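Before I ask anything, let me first share the structure, which is written out below as structure tokens.
Going in written order, the chains are labelled A, B, C and D, and every chain counts its residues from 1.
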Amino acid sequence: MENKVKRIGVLTSGGDAPGMNAAVRAVVRTAVSHGVQCVGIRRGWNGLINSDFVQLNGSSVSHIINKGGTMLYTARSMEFMNPEGRAKALNTCKLLGLDGIVAIGGDGTFRGALALSRQAAEAGSHISVVGIPATIDNDIGCSHYTIGFDTACNTAIECIDKLRDTMQSHERCSVVEVMGRHAGYLALYVGIAVGATAVLIPEREVDFQEDVVEKIRRARLAGSTHYMVVVAEGAGSAFDIGKRIHDEVGIDPRVTVLGHIQRGGSPTARDRETASRMGYEAVLTLMSNRGNRIIATRDGRIVDLDMEEALAMTKQFQMDRYQVLEALTNNGGLML
Amino acid sequence: MENKVKRIGVLTSGGDAPGMNAAVRAVVRTAVSHGVQCVGIRRGWNGLINSDFVQLNGSSVSHIINKGGTMLYTARSMEFMNPEGRAKALNTCKLLGLDGIVAIGGDGTFRGALALSRQAAEAGSHISVVGIPATIDNDIGCSHYTIGFDTACNTAIECIDKLRDTMQSHERCSVVEVMGRHAGYLALYVGIAVGATAVLIPEREVDFQEDVVEKIRRARLAGSTHYMVVVAEGAGSAFDIGKRIHDEVGIDPRVTVLGHIQRGGSPTARDRETASRMGYEAVLTLMSNRGNRIIATRDGRIVDLDMEEALAMTKQFQMDRYQVLEALTNNGGLML
Amino acid sequence: MENKVKRIGVLTSGGDAPGMNAAVRAVVRTAVSHGVQCVGIRRGWNGLINSDFVQLNGSSVSHIINKGGTMLYTARSMEFMNPEGRAKALNTCKLLGLDGIVAIGGDGTFRGALALSRQAAEAGSHISVVGIPATIDNDIGCSHYTIGFDTACNTAIECIDKLRDTMQSHERCSVVEVMGRHAGYLALYVGIAVGATAVLIPEREVDFQEDVVEKIRRARLAGSTHYMVVVAEGAGSAFDIGKRIHDEVGIDPRVTVLGHIQRGGSPTARDRETASRMGYEAVLTLMSNRGNRIIATRDGRIVDLDMEEALAMTKQFQMDRYQVLEALTNNGGLML
Amino acid sequence: MENKVKRIGVLTSGGDAPGMNAAVRAVVRTAVSHGVQCVGIRRGWNGLINSDFVQLNGSSVSHIINKGGTMLYTARSMEFMNPEGRAKALNTCKLLGLDGIVAIGGDGTFRGALALSRQAAEAGSHISVVGIPATIDNDIGCSHYTIGFDTACNTAIECIDKLRDTMQSHERCSVVEVMGRHAGYLALYVGIAVGATAVLIPEREVDFQEDVVEKIRRARLAGSTHYMVVVAEGAGSAFDIGKRIHDEVGIDPRVTVLGHIQRGGSPTARDRETASRMGYEAVLTLMSNRGNRIIATRDGRIVDLDMEEALAMTKQFQMDRYQVLEALTNNGGLML
């Protein structure tokens, strides 16, 4: 493969996700093993604006594949949202002689990358960008899977398994809020995995009577003495839902908000492996002079998509999982 | 050993704690291996009042040593607090022919046990009681260690280690509330184990300026860019403390309330081992006709104490650990 | 959906895999919630031969979704391999009035299921069978994913992360044998996820000099002082490989055989979720009178395939992952 | 406190143990916060011989409290065992102006420290040494607890809990070898915590018929269908014991050697907390001009002992735990 790419940058931006380090490592090691130099940009796009970077070689990324968080730090950048900020960033790219940038993050990160690349083109220069989807919410339209989702799911189920122990001993109801301001992927996936009595997600309008009260009642009639209600952040406050359960079912639930715990922790095998392959593909994509791409998983495979098209894609929420969840709740055989 | 004890009951009462199952198992297996029958009383003292029990043999307690919660369920009993409730309980003891009861729980559980035993004596009958201290708060005066504390500590540090990952990536401050309404054992132990910037406990009056603001500043001066503040439930609300940090330090902390997660989970080696030995000693104590005792750890050994004396004991909070914590915070060598 | 299916059996057979319980639960709950009765056959096909079974309702499968192993026990059955054994099994099916069987296991399990169904047809009766692929080796031709693989991968990486700590402290080489007698999926996936120096798999002939010796040397030259060699069971004995490393590189490696640890443990979110959906689909498939099917994942979706065709399918080993692995090893930028 | 100590060294030596990093951190931070400079000696005593060291400040030990292994590396040093090697080491001490050394490790480490201190005195110079006991075997005579033991126990029980899942599904016997070449602390503690059928330790002569065969038989008669035999390294090879079980009981056990996995992993709360306090005390001990001491736990407290006396102390093996283990094995009430 003829390769005119000599030096690339890599950054993580937006909310962090377990596996970002594995992606950074893969980008650096793949670049280095193909003779391409690699610069780590720190604190997301801010690092390009403020010349906050570090040169990376193969050893710089040793011992990080199993670490949560991101060694490059991350942040959201307001300044990068306007052309003046991006102009500063382009100056840094020029100074460093970057041919391309691998940007690891979510949709906001990719939109920033695209804006940067276009502004470069308008200014008569060139910078290729490749995005790697990483967010625990799994809410990126173009990719079936995003780095960090699996770790977040496993963190949530480990916490909920612990809650289950004490809820079972005390014969109580537990209401657990998991992350997902706009998307219920995490809540639904976790709900199935912990055998939740009910799951509330933003994608589905909640009929509190049918979706919560009635489900708890059926479980009780079927012999259950404790109940687990999983709520996505975006489907309402766990405290409010706990209060309504108290008022309408007459039991006193315990409420837990898992919060930022879900964003950390050593990444799972799946997140490390996916991040490694995505980082590898990102560099190969840059080297093959295909720029402005997003590395995505589609139908179980890793592909690269045109960034603009990818940003316009939407992912249909897999509502069939909701039916699976309902069928698996213990309801003593009462048809739903 | 001459043994007149033929049949005993075992129950768990009050808040559950990981390791209770291991203690129940040890009581049952030790009894059975000495030819003593064992009855499991369910839902704490309520089970004695309501004749809610189950006969247990060696196999009944198979596969529970590694389970959180309690197979006997637990509850607090209002009815048991008055003589009429206890009279019903004594009737059940008589009906079942119980010579003694092993009560696993906290101070409230033991006070109930003592009241039961005395009421029996007043009524001319006899029931021996032996207590086993189990609470994640470690706040039982007579025992240096209580079952469940170690598991709760490890659950808390695992959660906080995950928080650290994301706090480090985003260079943020984290405020974490751990359990401990009246006692700071968990908070201080955990604070040392995670290398907290500051720990707030009910045993020590908080000078917010000195104990929080100044510590965060010193850590920042020494090069730290993220901070971990651990708050015992009884030392104030994590949300209030977060707000004050926001107002007085000018940073925007993330607040997490670990909550009931800390009460569940597979018990650690220490909790299983301690619970096993305590359960074993409890039965031997009953069999040797020493009744009204509490099995406690003192100076690293398992001993049995007179229940009334034990209930009057207080444990001095190990404030020297607070000095250790302060010395280990990164403050760039600034003397405290 | 018109449903003539009134009663079905469910069994687990062959080597156990984490997530089997979640699949059993899903089969039972889905059946029950559609008014279909469900019988648990114990100890694989032996249970049908020996009339070793238990009736299951929604509550029978409570609290098992998070448990490793299988509540139905599992075994390999020699007797079921010949027509006489299967005739006994068919008698039990007749006695119980089973319309169909969900068989959870690997290729051997499915071949047994197909033989049973055919022998029934020859005898003029009818029994529908549906298979669910569950094996930690991920070596089933028709399905991209098999239940248990993800848990096994995570167990292996957690163990290897621990090994890494001590290997790093002592600057040693570690040789780890993971399961996979005929397939290197686990070894390669784990190898990528732990950042292995070298991975040996049965699908690829080993050039010891190039694939092990040279890789350790390059890592050393690039600054690494410890090395991790992952070996699939089927690619040679870890002890032999350790010895060759000693002889040919002049370092003294530590050898670990992870063994049966990889088959146990609480299933991961992915294994629980996949098992739940597969169990659900299996019952729907039976109820729609499609028999002799295998529920498989293909291209990220759950589908059902004709059992005979599925058994003839082979899965191409994803050798491209081997290239990813090689590119990500620290070699100081030396081209491979 | 008047303090003439200006600069100290810290090292880890011998086999590594989880919590060593927490101890190093505590030594450095305590020193720094008292105005004492701290030098990290790398690779045990070899670092003193070869001038392999690094200056440490408060930030040097950030983010290591939760890491297994040791950031200072560790090794056994042959050269340090003879006077010539120690003379080189003393030269380095002189060059660096070290007033004292904190040596973290086992008995061998402490003997080396004492020899160094004496050789210094003979040469008319002075170096104070303080030892911190760290070994997963818990086999140091003077200290009831050694750093790393708790983590190793928890690692072992987590692995054995996984084995239990698959042994239970397949109704098999498992033989597990845990570390402990000369001491059975780990095996016995773990055996109690996992509810082992039998435990073999070097401190107790094995009567195979009574201690293994008969125990498996009794468990079988009491209804158990799987068995867990835990073997300390020093009590025989797990493979040999597996073979004898095969020959004498007629079942085919699965053998697992946990190996070096037990030496790694993020330290538990107990190991981090103990290491933190021991490191703190070690520096205070040096600063108070008490040299040649070992920091130990006795009766649940941290104390400092004269090094020579401490090295002569022996710890009585707590054989009473063996009786607990026997009483708790499921034997259907058969007296032992």
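The definition used in the following text is that a contact is a pair of C-beta atoms (placed from the backbone, for glycine too) under 8 Å apart; a residue touches a chain by one contact, two chains touch by 3 or more.
None of these values were measured; they are calculated from a predicted model.
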>> Let me check something: if the centre of a chain is the mean of its CA atoms, which chain is farthest from chain D?
In response: A
> Any idea how many Å lie between the Cα centroids of chain A and chain D?
Replying inline: 40
> Distance from the CA centroid of chain A to that of chain B, rounded to the nearest Å?
Replying inline: 37
> Whole-Å distance, chain A centre to chain C centre, using C-alpha means?
Replying inline: 27
>> Which positions in chain C are in touch with at least two other chains?
In response: 161, 164, 168
>> Graph shape for the chains shown, where an edge means the two chains touch. Line, ring, star, complete, or other?
In response: ring
> When you check every pair of chains, which ones turn out to touch?
Replying inline: A-B, A-C, B-D, C-D
>> Give the list of chain A residues in touch with chain B in this complex.
In response: 12, 16, 18, 20, 67-70, 73-75, 155, 159, 161-171, 174, 254-257, 259-265
>> Touching residues of chain C toward chain A in the complex: what are they?
In response: 25-26, 29-30, 32-35, 57-59, 62-63, 65-66, 144, 150, 153-154, 156-157, 161, 164, 168, 189-190, 192-195, 222-224, 266, 268-270, 272-273, 276-277, 280, 297-301, 321, 324, 327-336
